[in-house]
Amino acid sequence: MFLKNCWYAAALDREVGDGLLARTICNEPMLMFRKADGSVVAIEDRCCHRSLPLSLGKRVGDTVQCGYHGLQFDAKGECIKVPGQNSVPPGAKVQSWPAVERHGYVWVWLGEETPDEAKIPDMHWNCAPGWAPMTDVLHVKAHHRLVTDNLLDLTHETYIHLQTIGNRAVVETPIKTKRDPNGVLVTRWMLGCEPPPMWKPLRPFVGAVDRWQLIQFTPPANVVIDVGMADAGTGAPEGDRSKGVQGRVINAVTPETETTCWYFWGFPRDFKIDDAQLTEKLRAQIVHTFNEDKAALEAQQAAIDRNPAAPTIDINADAGILQSWRLVETMLERQEPGLGAAAKPFLREI
Amino acid sequence: MFLKNCWYAAALDREVGDGLLARTICNEPMLMFRKADGSVVAIEDRCCHRSLPLSLGKRVGDTVQCGYHGLQFDAKGECIKVPGQNSVPPGAKVQSWPAVERHGYVWVWLGEETPDEAKIPDMHWNCAPGWAPMTDVLHVKAHHRLVTDNLLDLTHETYIHLQTIGNRAVVETPIKTKRDPNGVLVTRWMLGCEPPPMWKPLRPFVGAVDRWQLIQFTPPANVVIDVGMADAGTGAPEGDRSKGVQGRVINAVTPETETTCWYFWGFPRDFKIDDAQLTEKLRAQIVHTFNEDKAALEAQQAAIDRNPAAPTIDINADAGILQSWRLVETMLERQEPGLGAAAKPFLREI
Amino acid sequence: MFLKNCWYAAALDREVGDGLLARTICNEPMLMFRKADGSVVAIEDRCCHRSLPLSLGKRVGDTVQCGYHGLQFDAKGECIKVPGQNSVPPGAKVQSWPAVERHGYVWVWLGEETPDEAKIPDMHWNCAPGWAPMTDVLHVKAHHRLVTDNLLDLTHETYIHLQTIGNRAVVETPIKTKRDPNGVLVTRWMLGCEPPPMWKPLRPFVGAVDRWQLIQFTPPANVVIDVGMADAGTGAPEGDRSKGVQGRVINAVTPETETTCWYFWGFPRDFKIDDAQLTEKLRAQIVHTFNEDKAALEAQQAAIDRNPAAPTIDINADAGILQSWRLVETMLERQEPGLGAAAKPFLREI
């Protein structure tokens, strides 16, 4: 069961070019393409005649022509032409979904309620002036919430990511967790710690640093992390980041199915933004880091699939995760009263 | 659910040689081999002792010896020897099915009724004097009826097969459909059209052609298509094909399982029958064409598997398909009263 | 359903070295490692926090540290440390199983009853002075009882293993079967027969041999076969093996899942025990032989999966198999009264 009346990232903007992009989003086979005016269309990737994926057909102007018998569908999913006959049969249409391009991603709305673009999570750093953009998407064979759990408890950096962003300070420093209007905010300030390998060369730090991770979770599965570090004691916790460097770890995690997901990420930074060599070096390190996560997440999902009822415990570091679960569960229950509880076996009692 | 009291093509004649041929037909694991007298035998490919496929054993005269403990089975499936003991236990036998070689294929009968060889569909062109033979078999991961649907609505040639047999005329020319004693007959005459790429070099056509597709469907899943073209206006529709070329597209489609099938095909022609080079050139083009179908059919099946209840519509070009469905459904209902309706969810209301 | 209060071979002793060995035993994901004192530990391969396999973590002294968030577990499966907090939450533990090293294998006990090391089957020849050791493990995609069935009816040697250990005498010589305190004993004496290919060069036999196969089955799935041959008529049946050669075929078959297993084998011999070249030559022939079995067993399992209800018959050579089934079924019924019968559909009526 997925939250429906919300926006899901469905593609990187650059993935939707001249051709047809097929992707499954929340179990829906979806076809995305760009109209002549540049806007993005998302319709069902299944011909309503004989079920061939429309993505095997071709674009004809602002329509898609099925590759089997030539039926043509417009941007609303309406069949506008059936070859060999003058009229289009009633009911000849496929689903369509509102699609909006924003912050480097294409967002789609799957619910029945009127879509509200104001609800697209704020990830403007991906495209903002003064920030060097870096985005990509990763396919992960794990429930999308396992990915957000991963992001809401960063103590795993100390164990999985020691080569790049992990240091002892992460696991040793407690978090603060609170609900806020956007969802859940988890903060960790690591004062006077050693900068981790990936960050160390980014600035001539004079010694220890004050490092921060300010994690904003927004349902259904968006996480923006304000990350950075400054020379220790130069006022970063009070708001003066002038002696430091910062970035945003942008994460929009979208279910493909119940147990697989598309992990759209970004890592914009506001320093040395024209240093293309640095960008590539950072990209390599971040891809390495996320692939470490992917390996763990997929092993975790496989273990859960094997025995979904196996008992588990929570620890202090899970405080943000538990808040995010409670929030999503409440929304699911509101969406489908009585059925929302069906999500609980996955979530366990919290 | 499969129609039972009918013949299914189970092998090309040349596939049953000196060895043992294992093939699943209508969910039945089947072993075929040739006796000393040349006749073909079809028995269950599973030893009744410990279930090893008999095809892992070997032929001993006109019997098969199991490769595990040496039990021997004759052409009727009767166990005639158990090594290490003098008598054969009661019930030691495996299933056997009537098998007949005809028109280049081996046909088997799966039902309880007495098999009637007169019911083998007429595909004599495959082996007839004056016709150049060409047969083969393709495995398709799609319901066998999706293949016959493909053959009963050839408008797809315009979209899938433009490189070989497709032209605009196919989709633009309406069909005539009628029930006949053998099943369903669908005819399309395309007068004064451009010959498609594969056909164009087959004869020095003077210009436009009159092209025909006379499609005979016979249950369970046999389709013979009389195809050809002649110089436009030289009397082909009235029966004078002397200014043209013709062939037969022979199709015997046999379920392997509910969602996979064996597609036995032939393309005999009655011109330049000794031109081996032409035969090979045509074979390459036809294999290319059928592989285009296979790709579409398997994508179609995957889409149906994903959401079997997704709504679909019919169009004018489906008239022959709908007739074939009605015919098969009636036969299924006669075979298993009440249960025949179980086939309907696939067929939808027609 | 598996027999629980018994020992299962879970690893070769040499497989448990400095690292972490992950293996599924009777559907339980198991992690094995060696403590500083050399003893072997078997605990659940799943962190009780977020389900990551502990085998993706690392050893820290005599504990395992989870690779995700660093929780540490001792040899009893107790969580002894949760990073970032002072206390360990109640219930923070994973399963552990008694593990004992014996006869070249690591044995684990899965039941609730007190484990009794005296119940480890006698396979001492694997490590005994005067015997050349040879052990290995094979993964087989078949129910573990199909493997023991294979070993309890060796007439298959005549059909599957003619290149190595099979000869006509095996299938032609009847067995004697009896229950004994350890389980089931099946004996076959082949007097005056031709030595099979693998055995022929092992000794300058003067002509025909007296060959023996004394098969001891011990539940759950252990089979030790006393095998050998001596010059015909020199008294082997009466106990004088001085004119012959002998070995033991050791088999401990352990379920991985209901339809896959780990096949731990050994072939110790008491002649030319320092001839390493002979050892390697024999190893190659035995691996070849067991791979022939594996191919048949996996084909058999696939056929059973395809149609579990297909009727089968038994033959005289199955006497030992049927006794082993009756024994195991009685034990299953004792273990889970009423449910034991659930095993019957596999076993059939005996």
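Letters A, B and C name the chains as they come in the text, with residue numbers starting at 1 for each one.
One rule holds in what follows: a residue touches a chain if its C-beta (ideal position, glycine included) is under 8 Å from a C-beta of that chain, and two chains touch if they have at least 3 such contacts.
Values in this document were obtained by computation on a predicted structure and should not be read as measured data.
Overlaying the C-alpha trace of chain B on that of chain C calls for a turn of 120°, given as a multiple of 5. Shared residue numbers account for under half of those found at the interface formed by chain A and chain C, and the copies are therefore classed as meeting with different residues. In terms of their C-alpha centroids, the spacing between chain A and chain C amounts to 48 Å. Within chain C, contacts with two or more other chains are made by no residue at all.
Of all residues in chain B, only 149, 153, 155-156, 158-160, 171-174, 295-296, 299-300, 303-304, 306-307, 310-317 touch chain A in the complex they form. Here chain A touches chain B in the complex through residues 29, 46, 48-53, 56-57, 65-71, 82-85, 89, 91-92, going by the rule given at the top.
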